[in-house]
Structures are given as structure tokens and as C-alpha cells.
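Once you scroll down, you'll see the structures, which are given as C-alpha cells.
The following pair of complexes shares a single chain, chain A, combined with chain B in the former and chain C in the latter.
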Partner chain A sequence: MNETVSLPLRITVGIILALVVAPLLVPVLMSISDTPYIVFPPQGFTLKWYGEVLANPEARGSFLFSLELAAIVTAVSLLLGVPCAAGLTRYRVAGQDAVLGLILSPLIVPLIVTGVALLQVFALMGWRATLMQLVIGHTVVCLPYVIRSVSASLLLVNRSLEDAAAVLGAPPHVVAMKVIWPQVRPGILAGGTFCFIVSFDDYPVSMWLADGNHFPVPLYLYTVIERSFDPSIAAIASLMIFFALLLVLVIEKVFGLSLARLAS
Partner chain B sequence: MSRTESIDVPERVTPHVTRLRANAKEGAFARRMAKVWEFATGTRMAGYVLVAPAVLFLAVWFVWPVLTMVHLSLTSRVVEGVSVEGFTLENYVRLFSSDLYFRILLRTLRIALLTSLFTALFAYPLAIAIARGGPSLARLVTITLLAPLLVNVVVRSYGWQTILNKTGALAWVLKIFGISNPPVLLYTEWAVLIACVHVYLPFMVMPIAGAIGRIDRSVEEAARVAGATRLAVLRRIILPLSLPGLAVGASLVFSLSAAAYVTPQILGGNFSPLLGTLIEQQILTLNDWPFGAAISTLLIALVLASNLIFLKLVSRRFARWTAGAR
Partner chain C sequence: MATTSVSGGGEVRLAGICRSYGDTQVVRDVNLIAASGSILALLGPSGCGKTTTLRMVAGLVQPSAGDILIDGVSVTGQPVHKRNLGMLFQNYALFPHLTVRENVAFGLAMRGVPKGDTVRRAKEALALVRLSGFEDRMPAALSGGQQQRVAMARAIAYRPRVLLLDEPFGALDKKLREEMQIELRQLCNELGLTTILVTHDQEEALILADQIAVMRSGRIEQVDNARAVYERPISHFVADFIGTSNFIPASIVDMRDGRMTLRSTAGHVFESTVPNDFSIQERVAVAIRPESMRLTPGELPAAANRLTGTIVRSLFKGQVLSVWMKPHGQAELQPELQVSIPIEDAARMSPQPGETWSAQWSAARTLVVREQ
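Showing the complex of A and B:
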């Protein structure tokens, strides 16, 4: 069976994967350099850059704001998305294809365009509420993922299990909680997790809608990269990489989801 | 049920009685819930009520803004800082007639095409390893490939900056091999291309791996038994049969890299802006909303066109190629 994966192919795969990992490894190496500028290979060893970053109130504020924003966006997306997925998969809705097309269309339009279009509309309305506007912008982007993920798991629900439970005398809400919910939960969890990540990492929508008091992490990182040259940038980048690794662990071990499923 | 209370209940029966009572209570609750449930789900409107909030949300905050933007690009233009109303194609003409803007458009197309090409080249070995390798190899490749997706694009682009820098990792590696003055890559199109390939590689690998996974293994085995070399199997079986996956991947990668903003900004600096940077400059710096709206509209058109070309054309060709096989 393994015959198709020959040795040359294995070596090629190894080289490509090394190239995939390299840009994440190099900043981590550079972040411990005891020099006032960035240099490779790192010289000496220090953790002071990490201390500097963690003590920085701007960095902390941005991080906390991004967490808050992502949490709100996830909640709103699930509130809108789960009922919509249920309506699309379990009821007859006229013009279903059109509705589906509308719901998935934010995935086609470039994010940077979605962001600028929203900014234009907000400006026309003369409406100023940065947090609300960021939540709206991110939800537009995240909602399609949630609906797609939850719909997929709703379509896989085994209807005969519901019938069996109903025949055995389970009232509808019990069927919903004890038969449907356990089957749909992975889809909701996957959709919610993906939504959180997309919102937390978003740059192209936030860049139009954020302001100085509502400044998500990606924008903050970008300004730091633009204006400073010491290894503290590498330290922030490393912290973000460690955070992502933690996320992988949480997704795979705690939630029991595979990354491949999230990405599909 | 209240009668049980008056009877003297022996000690060991008490738990059962409590449970019976709870069951009866739940029964009443269940009947009420069932009524609510039936009312909510039994009506013909239920589906619409469930779908409506999300649809309304996207209609107001996505469709309306995008249409407003397209409208603005056609009905307004800025002349020497003053906006002039009325139907006009001037914004689009400007995009194609000005040498500066046209070069940016061409560069965007070039980067998007080359990114699709190179990601496809790198994607095939990985996709074959995922689809045809053992479970442990497949898992290793998938995780190593997808985990960086959780790392912010800004950080990944910055990672390439630390590699391509004059004092970066690449220069150091090249010095070991005796190349003392390495080529300047940072802030050139090459840097943008390298980072784009890295960032968008997973979007190419996953669809191709899916397509290869759907190929019947017995086809490959039959070819091998009949004496085909590995290369022939790759060229005559895996490549043509995985084309639908390649089409999906290519349209994704082309769309994403054509609209990329962060990566070209960090790695290309001011020397190789793409359309995304141009939109940002026109709107936030020059305040020329109609022109910015026109570039945005063009970007949407580009993405739709690439979807159409990659998916429709390739699927038609694919149908012709495999017609004999069926």
C-alpha cells in the first residue's frame, strides 16, 4: 500500500514541510537573541524581549480586545447560523438555492472589498460605533462557515434514530436534546471554533473598521513590524505562534476535532 | 399522585416513589413542551422564520454595501479633489489607461497566476502523501501543513522577512555554501511570491488530496501490473483524475492571492504594491472613494472570472478526457 509513496517522494515531502515550518521557526530562534537588533543566527540567550512584550499595555490591550471581539462574533454567528442551517436542511424553503447562494457569497468576494464596502455604508449612514461595526464586519465573514459546517452535520443526522426515539415515546424536545443534539454538536463546535479563529486572525476587514481604541491584534502586530527593529517583534511573533500551537492542541485534544475537518 | 403522600411509605420504597413523582411531573412538562415544539415547528412558516435572520443580516450588511459600492464606482468621480456626480466610466478607464495603475493590475495578475502555479507544483507531492501514504504519514503532513493556518498572516509574512533579510537566515545559509553576497529578495516581487505560495499552499493541497483520495486504487494497481512506471502512473492517472481538485485549488489560490493585502505590504514594501494596496491608498490616503470602489469592483470581477475559468473550463475538459474511461 505504501508503495505509492516512494523514497524520493518522501524526501520531497520532507523538504517542502521544512520550508512550510521555517518561517515559523526562525522568528522563535531570533526572539532569544541578546542583541539590540535582529540577527541570524541568534547570539547569546535572553528572555528579556518576552518580558518587554508581556509588560507592554498596548500589546495586552490588543490581545484582550481581539479575544473579546472573537467571542462576540462567534456568539452572534452561532445565534444566526444554527437556526438558518436547521431551516435550510430540515424544512422546505422556497428558493433554497438562491438563499444558499446568498449565504455563501461572502466567501467569494475578497475580504478587503467586503471591508471597504461596509466602511462606505457606515460612513454614508454617519454611524459611529466601532465595536458594533467590527462585530458586523466579522460576522458577515464568519457566518457562511458556521452555516456550512452546521448544515453538513445536520444533513448527516440519522432520521431513523429520531423516529425510533419518537416511537418509543420520547417527546419532541427530548428527541431534540438526546438524539439530534449529540449528532450535531461536532458540527456546531467546528463551526464555532473556525469562526473564532477567522475573527481573531482577521486583518483585511478590521483594517477599515478599527480605530485606536478598538485595535485588534493583527493590526497591532502590523504596526509593530512597521516601526521597530529589535527582537521584541520576534518575541511577539513567537508568542502568537505558541498561541496557535496551544489552539491546535485544544482543537485536537479537548474538542476532539481534527484540523483537516476544520479546514475543509 | 398526591395520594401517595397520605400513605405510610416504607423506607426502601421512598426513592422509587420520588422517581415516579418526578416522572409524572416531567410528563406534564413534556406535554407542554411538545405543544410548544409542535407550534414552533409544525407551521409552514417555520423554515422561513429560522432562515430569515441570517438572510436579512447578509442582505443588509453584505449585499447592500457591495451594491452601493459598485453603484458609486459608476455614478461619481473625483476631479481635482471635487466629486462630480452622474453616470461615468471614467474610473474604469483610468485604471486601464494610466500606466502606473495598469502596471499594478498586471503585477497582481502575474503574482496570482505564478502563486497558483507554484502552489500546484508543491501541492502534488504533499497531496499524494496525504491521500496515499499510511495514516501516520498523512496525519503528520496534514498537521504540519494546516497548523500554520492558525498563525496570523502578519506573523507568517514577518517570518519570511526574517528569512529573506540581508542579515536573515537565508543569507546565513548561503554564506555556509560560500555565496557571500546573496541576491536581494526582500521588498521585491519574488519575496511577495514566495510568501504567497507559503500562505496559500494548504488551500491547494487539501482539494487535490481529496481528489486523489477519490481515485480508485485498483486503477493505479492495474496500470502498475501492466508495466507502467511510477511516473507514467502519475502522468496518466493521478494527474488527469485529480484535475477537479486542482481546479478548485487553483481558483481558491488565485482569488486569495489576487486580493492579498498583508503579505505584499510586508514583503513588497512600497516597491511592488498589488490591487489591494491600491484600494487602501486611494481611499484612506487620497480619499478618492469612487476610484477605490472601481478597483474593488474590478477585484470582484477578477475573482468571479477566475472561478468561472478554472471551474467551468476544467470541468468540461475533464468530462471529455474521462469520457472514454467510463
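Showing the complex of A and C:
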């Protein structure tokens, strides 16, 4: 199973992983410093900053709101994205490329521009429904991730398996559940996970659309940084990192979101 | 021996089926019968419509016109999953996320067979294809030949009425392919399955099929038993597609007592006693198989079914020595006449390039075919 990996490749991969992971370790280390201000390397050890953050109703409220928002955005993005990806990969539709380009454009346009443009539109409409507006804004940004990964897995689907299942006596809904679903599941889960994390981490779009009652964690973090500079900031950042890690680990464990499966 | 009983195949009848995509007619007015328990091969080059025809029988493609009947009952409007057919695909199409047993049991499970029976019958089907003990493997852990057998077991486990094969051996190497072909033929005969096979490999069709339907541009060119298609091809296309032939355009000058006399534009005379249905006016060609001709050194006096020419080159091909000859005064012969000498004769008779030799053959080996 495991092929031998050459030393230069190991070293290269090691360096890349170090570059990706090392910056994430910095806030984690800073968050346990027993000092009234942020220092690196940390001095002493304490978990009181975590306690402080978790006891703070504002922080808890923001965290819960971000979870709620990300969950809604993921649900909406999957609901829109999966059929859209299926349509774009399985059928020849007039203007297909234009549709795809339009959907993927938020990946190219700076997020801050997308955010301000949405704010303009909503303001012109005179529409005040912050949660809905945040959901729309995040969905615009998250949808490309769903479309990309679901399309990729749909393109890998072996169509003759569907033919085989039908000839063997499987009616269309059984073909969908027993043959198509196992093949596209990794793509849908990957898209959903990306979507959740992108929404959970989003600052530039939320910045324009949020209000005091709908205040996602990244915005909260920013205001805290402006107000003070104690290690509780690092604690919030660390919690966000832990949460994202936990999410990926759980999905990996439960559903097996491995690249090997995606490829097979 | 496994106990799967003879399932008794259904008779498949295609009545004038057509299929077009936009303006392109892929299948045109195909009429065919696959008799119960027989093996019918649809043979033709790629793009001739053979696969589309097979997929119409399966129900994966709807005919634009015509009717498909199994045991006299029209199945044209029936969805794929209700037709109770078995099918082998070119790439096997095994479900990669299911074990061998689950793959083989799939069709049984779809028919609501109780769990215990499913396991037993999957085991029986695997025994039939000599793959007992592989039940718990995943398809990816099997070789190409083994995957092919699993696909076969999966297709016969629920005793379908008809077995459809779409270029089933294309991905196997030559030796394994021949083994599988013989096994498949035995299995189909044992189970009495009506089988329709799609292939572009004439050898495969000759080995496997009772009846061969040669297809060309969406039409059936000729339907006959394997031997007749080889020995009495009706057209240039069939004679060229099945085996190798030398073609000489000619016109019919006389027909009597089962003997046909023809003349090429260069004035050579040919005689044929092979039965055919041509009439005087038709454009025909004389077709001679390379192995039907005999070579003798030097020039012979002009006679029917005899050509003299200069040897161009010769090529050792294992069982035969192939010799190409440029006939004298035969400008219409393209490119050259190909003659096969059995290798046991090649020792005492080896024509060298530049020498003059004569080729002759019997009237019984002179085929007359429709020109294009």
C-alpha cells in the first residue's frame, strides 16, 4: 500500500506543513501566557483567558451566532449547489459556461467589493433583514466551493455503473442512492465543510452586512483587538482554530473524507 | 458442478428499429432475430451503430422508430430496470464500493430475493465462473480477467432472459481473451441463454456466435451463420471486414448451370460456382481469399481464374508466408494481389521479389460480391 517516499519529497512536504501549521501555533501559545498582555514566547501557563472568553456573554453570543449562520449558509449552499453542479456537469445547457463563470466569480472579485456591493443593493431595496442578508452574502461567497467540489466528484462518476445498476433491475431512485450517492458523497462533504469554514471565518462580507444583534465571531475578534490587547484575543483565535480542526477531524472520522476515496 | 438450472433464454426480435441523434441516423431499419438460446453477434467497425442497437435492446437508449420484442412481447416502452436482462460492459462496471458478493447479489436483491437465498445464489453464480472464495474481496483487488468473471456472475445470478455483451473482452490481453471467449460460449450454452454480443473483432464473432450480423453505417449488411458469412460474403464490405480478400471489379457475362462467368476491364476471365443472387446488370467484384490461391513459378497460358505477375515482396507471418504480386496488365487491381502460402509449403517454394509467378484458384473459391 505505502509506496516509499523519497527523502527530498519528505523534506519538501515537511517544510510546507511547517509553514502552514507554525503560524497557527503562535496564537495558541500566546493564549496560555500568564501575563496581562500578549507576549511571545508565552510566560507561565494559565487557561484563565479561555475561562474569561467562555464566560463572556458577548463572545459566547458571537460564537453561537457564527455557528448558526455557517450552518444555514451550508444548508442553503448545498441545496442550491448540488443540483446546480449536477445540471452543469450532466447536461448540455445553453450558456453553461457563462453560468459557471458567474457562480465562480466571487472567487476572483475581492470579497470586500462583493460585500460593499451587496450592501448597496440591500440599501437601495430598503430591505432590513440582517440574518437573511448575511446568509445571502455568505452563500454567494461559499457557493463556488460547493460547486467546484461537487462538480469534480460528479465528473468522476462512472456512468456505466448507473447503466449496470439499471439493467440489474434498480429503479432510478435506487440507482441514485446506491450508486451515485456513494460516489459523490466525498465531494458533497468536502464542499459542505469548506462552505462551513469559509462562512465561519468570513470577515470582509460580514463587515458590511452585520449589525449589533447579528455579530459573527471574526467581527467580534476585531473589536476586541481594538479595545484591548490581552491574551483573551489569542484565546478566541485559538478556539476558532480548534473548532475548524475539530470539524475536519470529525468529518474525516465519520465519513472518511480522504483524498484516496475522492480519487477512486 | 453448480446447480443453477437452465434458465431458458427468450427470443429477441428487432422489428425495423431506427435511432437518430439530431440529423444523424445512427441505426437505420434494423431487423434481426436472436433465436432462443442462441448467440448473435453484431459485428462492425466503430460507429456502425452496433452498440446503439444493443443499448436499445437493454432499454438504455430509446429507438426513434420500430419495435423490440422479447418472446413476442413488445418491451419498447418498458424501462430498463423492468426488462430482466443481463449485461456485460466493456469496462465491467463493477460497483467499486461493494464486495464481490454484494456485486453479484445486487440483481437478486433488486428482485426482492430473501437474504439467505441471495447469499446462496451469489455463491452458485461465482462457482459457475470459477471464482469461489473471492466473495469478500473488493473489485479493485482483482485482476482484469477476474473482474470480467465477477461481472459475468453478476449478470447471470438472477437468471435473466437475455444476456447482452458490449465488447466484453476488449480490455483483456489476447491469451486471456481467447480463454474467456471459450468459457463464455460454454456458459451461455449450458444456461441456454439467448446472447447478443457486440464486437468489432471478427475473430471473436466467429468463435462465439451462432449467427453474425455484419453492420455498416447503421444498417445490417448481412446476417448468416458464422461459416456462411466467411465463405459467402455478399458484399465487398463484408468480405473485406471478415478475413482478407483480393478484389477485382468485374462484370457478369454469363450465368448457367450454377456457374457464373465474369470479365474484368483488363479482359481477365473468372468463373465462380459459389451460389449467389446477382443478376447480369449488377456492379460486382470478384473476391479471392489469399489462402484460396496457389502459386506456381513462371508464366502459365491464359485461362479462367488465373493471373500471372511479378512478385513485389514476401513477409513471414508465423503460420503463413504472405506474398504480394503485381499482376501483369491489371491496372485496376489495388494495390496488389496477396497470396498466403502455408508455412510447410514455403520451404520448397519461396517466391523472390522480381520473379514471375502465376496464381490460380478454383471456381468454388471464387467469391462474387456486391461492389460497395
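Here, the second predicted complex is superposed on the first by the 228 of 264 C-alpha atoms of A that agree within 3 Å, B and C clash if a C-alpha of one lies under 4 Å from a C-alpha of the other, contacts with A are read in each partner's own complex, and residues count from 1 in each chain.
Keep in mind that, in the parts below, contacts are C-beta pairs under 8 Å (C-beta built on N, C-alpha and C of every residue); 3 or more make two chains touch, one makes a residue touch a chain.
All of these numbers come straight from a predicted model, not from anything done at the bench.
In the superposition on chain A, A:100 makes contact with neither chain B nor chain C.
Contacts of A:165 after superposition: chain C is touched, whereas chain B is not reached.
In the superposition on chain A, A:157 makes contact with neither chain B nor chain C. Shared-chain residue A:182: touches chain C; no touch with chain B.
Once chain A of one complex is fitted onto chain A of the other, the partner contacts of A:41 are limited to chain B, with no touch recorded for chain C. When both complexes are overlaid on chain A, the residue A:174 reaches chain B and chain C alike. Between chain B and chain C, B contacts the larger number of chain A residues. Under the contact criterion defined above, the residues of chain A that touch both chain B in one complex and chain C in the other are 171-172, 174, 264.
Residue ranges on chain C touching chain A, taken from their complex, read 58-60, 79-87, 89-91, 93-97, 106-107, 110-111, 140, 154, 158, 164. Chain B meets chain A in the complex at residues 30-31, 33-34, 37-38, 41, 46-51, 53-55, 57-59, 61-66, 68-69, 72, 122, 125-126, 128-129, 132-134, 137, 141-156, 158-163, 165, 167-169, 171-172, 195, 198, 201-202, 206, 210, 220, 230, 255, 258-259, 261-262, 265-266, 276, 279-280, 283, 289, 292-293, 296, 299-300, 303-304, 307. Contacts from chain A toward chain C in the complex involve residues 158, 160-161, 163-172, 174, 178-179, 182-183, 264. Against chain B, in their complex, chain A makes its touches with residues 1-2, 4-6, 9-10, 12-13, 16-17, 19-24, 26-27, 30, 38-41, 79-81, 83-84, 86-88, 90-93, 99, 102-103, 105-106, 108-114, 116-121, 124, 136-137, 139-140, 143, 147, 171-174, 176, 197, 201, 203-204, 207, 217-218, 221-222, 225, 233-234, 237, 240-241, 244-245, 247-248, 258-260, 262-264.
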